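I'd like to ask you about the structure that follows.
Per-chain numbering from 1; labels A, B and C assigned in written order.
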Amino acid sequence: MTFAANTINVQSSRLPFGAQYDGRFKGKHILSVSQFDVHDLAYIFDVAEEFRMLVRRIGVMDLLKGYILANLFYEPSTRTSSSFIAAMQRLGGTVIPINEVRYSSVSKGESLPDTVRTLECYADVIVLRHPEVGSAALAAQYARKPIINAGDGIGEHPTQALLDLFTILQERGRIDGLTVTMLGDLKYGRTVHSLAKLLALFRVRLIYVSPKALEMPAELVDALRARGVCQESHTQLEEVLPETDVLYVTRIQQERFADQQEYEQLKDVYSITPQVLRAAKPDLTLMHPLPRLSEISMAVDSDPRAAYFRQMEYGLYVRMALLALVLGKA
Amino acid sequence: MTFAANTINVQSSRLPFGAQYDGRFKGKHILSVSQFDVHDLAYIFDVAEEFRMLVRRIGVMDLLKGYILANLFYEPSTRTSSSFIAAMQRLGGTVIPINEVRYSSVSKGESLPDTVRTLECYADVIVLRHPEVGSAALAAQYARKPIINAGDGIGEHPTQALLDLFTILQERGRIDGLTVTMLGDLKYGRTVHSLAKLLALFRVRLIYVSPKALEMPAELVDALRARGVCQESHTQLEEVLPETDVLYVTRIQQERFADQQEYEQLKDVYSITPQVLRAAKPDLTLMHPLPRLSEISMAVDSDPRAAYFRQMEYGLYVRMALLALVLGKA
Amino acid sequence: MTFAANTINVQSSRLPFGAQYDGRFKGKHILSVSQFDVHDLAYIFDVAEEFRMLVRRIGVMDLLKGYILANLFYEPSTRTSSSFIAAMQRLGGTVIPINEVRYSSVSKGESLPDTVRTLECYADVIVLRHPEVGSAALAAQYARKPIINAGDGIGEHPTQALLDLFTILQERGRIDGLTVTMLGDLKYGRTVHSLAKLLALFRVRLIYVSPKALEMPAELVDALRARGVCQESHTQLEEVLPETDVLYVTRIQQERFADQQEYEQLKDVYSITPQVLRAAKPDLTLMHPLPRLSEISMAVDSDPRAAYFRQMEYGLYVRMALLALVLGKA
């Protein structure tokens, strides 16, 4: 972790990562946050920042003209799916949208490797969303074209974690030195697991706030401790909110509770309202992977600290960067 | 209504509306027919007519190159959805097609405002079809990008009404002075309600033909009367067909009837056949919003007075015009 | 059949069919394999081979820029649907993807002719997949724009048969003189029926291997015999594998069997494994329309004789050729 200190640090509007374009992701799969070191992140975010500025200035590029993305979603995800489609189109590429897989060849029992080997006859890159853990890695084992994991069950969702980190970097100008508080269901939420792993590459303090039953898994806490990450666990947000720089809220899902009364009570306790935010720093960065239900009140949306819609937009640029990089065109 | 007289009048192949491009719809939402006055209509139809000629001559334009449409359909509508996709593509733009909303974030309970605020991170304009009345207005309240209402339940479907009016203008060369007869289910049909409101801006005679149980709602009739529109109600088409210039047929839906025998009987009474059309004017314009079942016999399709497939095509140009106008690129 | 001898024969990397571009498919429908003679096939494959080389060299063309394909799938087929989308996009055209037909206007009872006449207002060519035999021919009867049949129930699937034949030609360099063995469910498989009809235009030997209950239909065998095709029927693959040049495997579907034990037994008997292939020619071409289950072991995939994924890719070029030809742009 020490090597990462201050590596990523915004000093001007242009990210001065000084990364050299070396084609390091060309033809590679994007499967897990574990595959990235701090230099990879700098490289990806540098490209993402360039695309952010280009989209704002000119809207769309011809960088991936002639390239085709197969957007293969075995389970629906309007948000992630739309984000990748837009990312490809803003780079001038085109998309084969595949949302009906449950009814088609897969429902006839075709194996994922066969589907992937078919689609790579037509497309240049495959984005895969699949309900089963390990499916992206399995697909990558057979694919000649790059696979980007867009979520495999409770496994990985690396592009979400990358966009979360890019959001923090964009909103705060740096990662090192921040106190990041994660709130809600920390046991089952793959989003917070992946983000915590990425944050562990930097000098941050991680605070976990959750009901006892939904605490961050011990193995993950142990693994991060072994890397020297400073971590704390709490059950009450008020104890840590005043010192929090980034508050990452996740949803507590009703189906996790046998006792519905317990759920109703917790739901309210962990709900962010304008009232709650009075105790927060004036420059807090409030994030959420969306969709959100009552865990962040809509009354908070107009607060400048609410970063969750900007977070969606940053996701576009990160996904543009990943597509361009694996196709060797950044 | 008097102000509208002869404002829209085709004298040559080029619509000489004399509208000045003033960017009046740039960044605006298209939510309801009530938002348009006669000058707006002239403006939209002028652009639609230009696109009609351009599509016939060159097929596709680069006007919206680099622009992305999020085509957000919460309920299926092959016709409307395909029409907007084609409209965007013929203008050189691209589309994020979203038809799976029922299974995805919305089914997890996400609010429409959140979905819209997410999609506007990726797209430049959003077309929304939603089963609930008022949904488009709700979306527009939160959106920074233009929303085009493609139907919100039994509420509004303004682009359908605009294409209907554009069809009449194209087929007849004028609106004023026409006798327009609406046939079928006038109680529940949002199509005829919206079209009647638009026609009320002109000097027309409206004739309603329907079973007693499916008459035009009294409030709408009263509102149009207050604007001075000449209206009549009948139950038999034969009484008014000979004097009809435009016959707008709608479907009578079986599920509206408790007594199935009554339905079967009415279904036949209001069915347009070659035999029925013998009593019509030789230059009648026969319209239908489609899909149609038995209310217009397929034997009528080859009659040059059958305008319903041309009506579909006019819809393409009207939707192209709306997309270009709200994006400020007409 | 004699006239076909050696007409299609690869002598160099460029197919020297010597076909003259005469616009013969411009504006035409592609409905059935029966519509093609040997010269048509040479013409289509010549264009397909050109596109194959162009895609390898430059990825995408602008040949169909400004053209729109309505990809109308009444039943899901990820493979065929994706293939047509990619084909259109690689030619520079755009696609209206329609996969939701079962929920929309058709589910309201709209007739296929109306749907087709609506879509041709928006698109330049329509690819149709429909569960009912004869649907493509019905659609073509009403359409002013070209219809390409992408499968109508147990009826026709002409683009599959064309890509199968193109695969044989590409892999073997010729059609005449080959021994083609078809294995599996020959009774219900439309794929083998269509391919057999196309192969009957050439000087080939056809061997059928299937359980007695799933033999090639007698009418088809009789029709091919009348054209002078040399045909044999077997129940054991081992009897004919050593002399087979092209082995076309199809799936035996469980639901065809009343006796599940019989199915389990047959499933294994007709399964292709590395062990089975030891008895095959070293230059065998092993094909399968995909999706495959256990009828070809995944252990065979790395065998260079396994041509089924290359077969998928050839499908792209054949479909590109068909789209370009019916639009008069080859």
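Before moving on, here are some points about what is shown:
The rule is short, and it goes like this: contacts are C-beta pairs under 8 Å (C-beta built on N, C-alpha and C of every residue); 3 or more make two chains touch, one makes a residue touch a chain.
The chain list, named the UniProt way, goes like this: A, B, C = Aspartate carbamoyltransferase.
Everything quoted here is computed from the prediction, not taken from an experiment.
Here the C-alpha atoms of subunit A line up with those of subunit B after a rotation of 120°, rounded in steps of 5. Judged by shared residue numbers over all numbers used at their interface, subunit A and subunit C contact each other through mostly different positions, with under half in common.
Rounded to whole angstrom, the centroid-to-centroid distance between subunit A and subunit C, based on C-alpha atoms, equals 41 Å.
In subunit C, the residues that touch at least two other chains are 94, 97, 99. Residues 58-60, 76-79, 81-83, 85-86, 89-90, 94, 97, 99, 290-293, 298, 309, 312-313, 315-316 of subunit A are the ones that touch subunit B when the two sit in their complex.
For subunit C in complex with subunit B, the touching residues are 65-68, 70, 94, 96-101, 103-106, 108-111, 113-115, 117-119, 121-124.
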